[in-house]
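Encoded as structure tokens, here's the structure I'll be asking about.
Letters A, B and C mark the chains as written, and numbering starts fresh at 1 in each.
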């Protein structure tokens, strides 16, 4: 009984943004599964595009925001920016993981192999490593201000040098053409698919904004608790 | 309480003590100290000069202790020999194998050097003296990077000929271009590695964190350097490697400028 | 206050009015929500020594780092020898000592001090290093690597390193830590002689006896503030000691 009430209470606390984000994602997948045509050559496997692509989009957006607020932190020294960077990096890492899981799942039926050193997938893999390093670095520094400075520097250097990973992997691929395993050339998508893809991008963006806001709130609460603890001592 | 009270006590304290020391002819005291100072008149130390002083210091200490460079060189050669037995020599020719071995071993060997770089400052907090000195923060980074560059170059100077000998590589007149690749790759590796070394020493996971942070950033360097080395060793025209070399140069420029600019922000102010 | 300064300090040989080496007013420095230094005002003339006492975490070291220009204050005024703290030039007029020697242990004493001299832009680093080491009574050990020296001798070399450029202000963060009685005595004597030659000193320490015999002003800090600031010698030492102990116990 009590548990039921508290669950209800908690459910009531879920924000409008959360409801909107989740509803948008559900709507997109209903559309994707039931109302979007099945791709002729790839079959149902192509539907994974509607997770893979928006997840990649959000990951890039999240890491871009990390770099941006990192610059702002070093400039203005406002701890808020550090907490936004922390939140965005973790969410970006989560979406990168989604990209890395859906990529091979999509590749197996379509290209016949789980992993190809495709330029974009390889880039995503190394990006994943960089932000795993970012999260671990944050955990390995106790001093709050030092943690903020160090991770801001890593956030900026990461964003500036990631393009080089992409370029070098890309050249590597073009100079070493590997046998293309039933790799379909990208035909222009029919309008129905394009609409679904675009709406998935929008839905994931809203999802990202909701997660970022809640993760940021959590970070603020944690910092406030830590502050009251250290001031009390 | 007591802003006013404190102000008051500051004032009275200064007054009293000034009065006391003042009687004993402050002027004479000041002059005596000034005389001593005349001998050591200061001049401004520029950014590059300070960087050079710090680099020379690091290299001298490295030379004196030698254990670091000896272990880094033996590590590299050990890695080269170990790799040889990891492949089937009848299946893969050593010319195909060598570039990959060289640059993988090289990036791990470089990490050994990088870890020492700021580690040397740790036991007696000598870095605090560098930070207190009237020099630009950037010169600390540049000095460390320069010392690391020389350190890694020395490792290369020994381990690359060792690789050529052990793998019986045909040089095909590739030596000058090979030197260029080694120089460019070392520069990029040192630029980011020195920055991460400065961060890693102050963390709880120093030994673990430096490779974890650095290796993803070494990816473009290893790809470009290994691929252009392969092109050169197989005697193909250098032009084929042009794209890789361009990326290396661009990476070096961006990394050096960016890391020099952000290093001061690592330090609390 | 200006009146006093005028009365006591004549012009120095360059004809400029002598200004206090340290002039701090209402210094505040926070780390996040915590105010490590919370409204400290202090003024220190050439030849004066300020001792900073207080429990751990009272803000003593932060204050010292503010004075050294290694941290920027959030608010308040801070002048070192008349110039704003923190610039390269001002850092060049300060020497720092701590319980860490800040020496490279495979370097000799001479090399360590010479390194500092060249970073501070001293004209002939070798001669300046010789002089500084001799003054600290470490001249005969100057060619010994620092790692072969006793803790006390290392501390002497470290002070020579801090003094080689003839600083106007010396900042000492718990320099007595790790020294035995004889070592502390020697360190106290050295600081006294430097002070008598006209350098200002700010010293953070738990060694009340040594510091009180050295200083001209003594402050007890607690939670970023001066609980009291006295001119030395302290009239009622027993009471002073008791207050210091009480604060230390309170801080746990």
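Operating definition for what follows: a contact is a pair of C-beta atoms (placed from the backbone, for glycine too) under 8 Å apart; a residue touches a chain by one contact, two chains touch by 3 or more.
As the structure is a computational prediction, the values presented were derived from the model and not from experiment.
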**Report entry** Chain occupying the most central position, where position means C-alpha average
**Finding:** B
Report task. Please state which pair of chains has more C-beta contact pairs than any other pair. Result -> B-C
**Report entry** Centre distance in Å when chain B and chain C are each reduced to the mean of their C-alpha atoms
**Finding:** 32
**Report entry** Centroid distance [mean C-alpha coordinates] between chain C and chain A, Å
**Finding:** 51
Query raised in the report: Which positions in chain B touch two or more other chains at once?
Result: 268
Requested in this report: Could you tell me which residues belong to chain A and also touch two or more other chains?
Outcome: 145
Query - Multi-partner residues of chain C (at least 2 other chains) - result: none
Query raised in the report: Where on chain C is chain B touching in the complex?
Result: 1, 4-5, 7-10, 12-13, 18, 20, 39, 41-43, 45-48, 68, 70-72, 86, 88-89, 91-92, 94, 96, 98, 100-107, 111, 115-124, 127-128, 131, 161, 164-166, 196-199, 216-217, 225-226, 228-232
Report task. Could you pull out which chain B residues touch chain C in their complex? Result -> 2-3, 6-7, 9-22, 26-27, 29-34, 36-37, 39-45, 50, 53-54, 57, 60-61, 64-65, 120, 123-126, 128-136, 268-269
Query raised in the report: Okay, in this complex, where on chain C does chain A touch?
Result: 31-34
Query raised in the report: Hey, which residues of chain A end up touching chain B in the complex?
Result: 74, 126-127, 129-130, 132-133, 136-137, 140-142, 145-146, 149-150, 152-154, 156-157, 160-161, 164-165, 167-169, 171-172, 175
Report summary line: chain A contacts chain C in the complex at 79, 144-145, 223, 227, 230-231
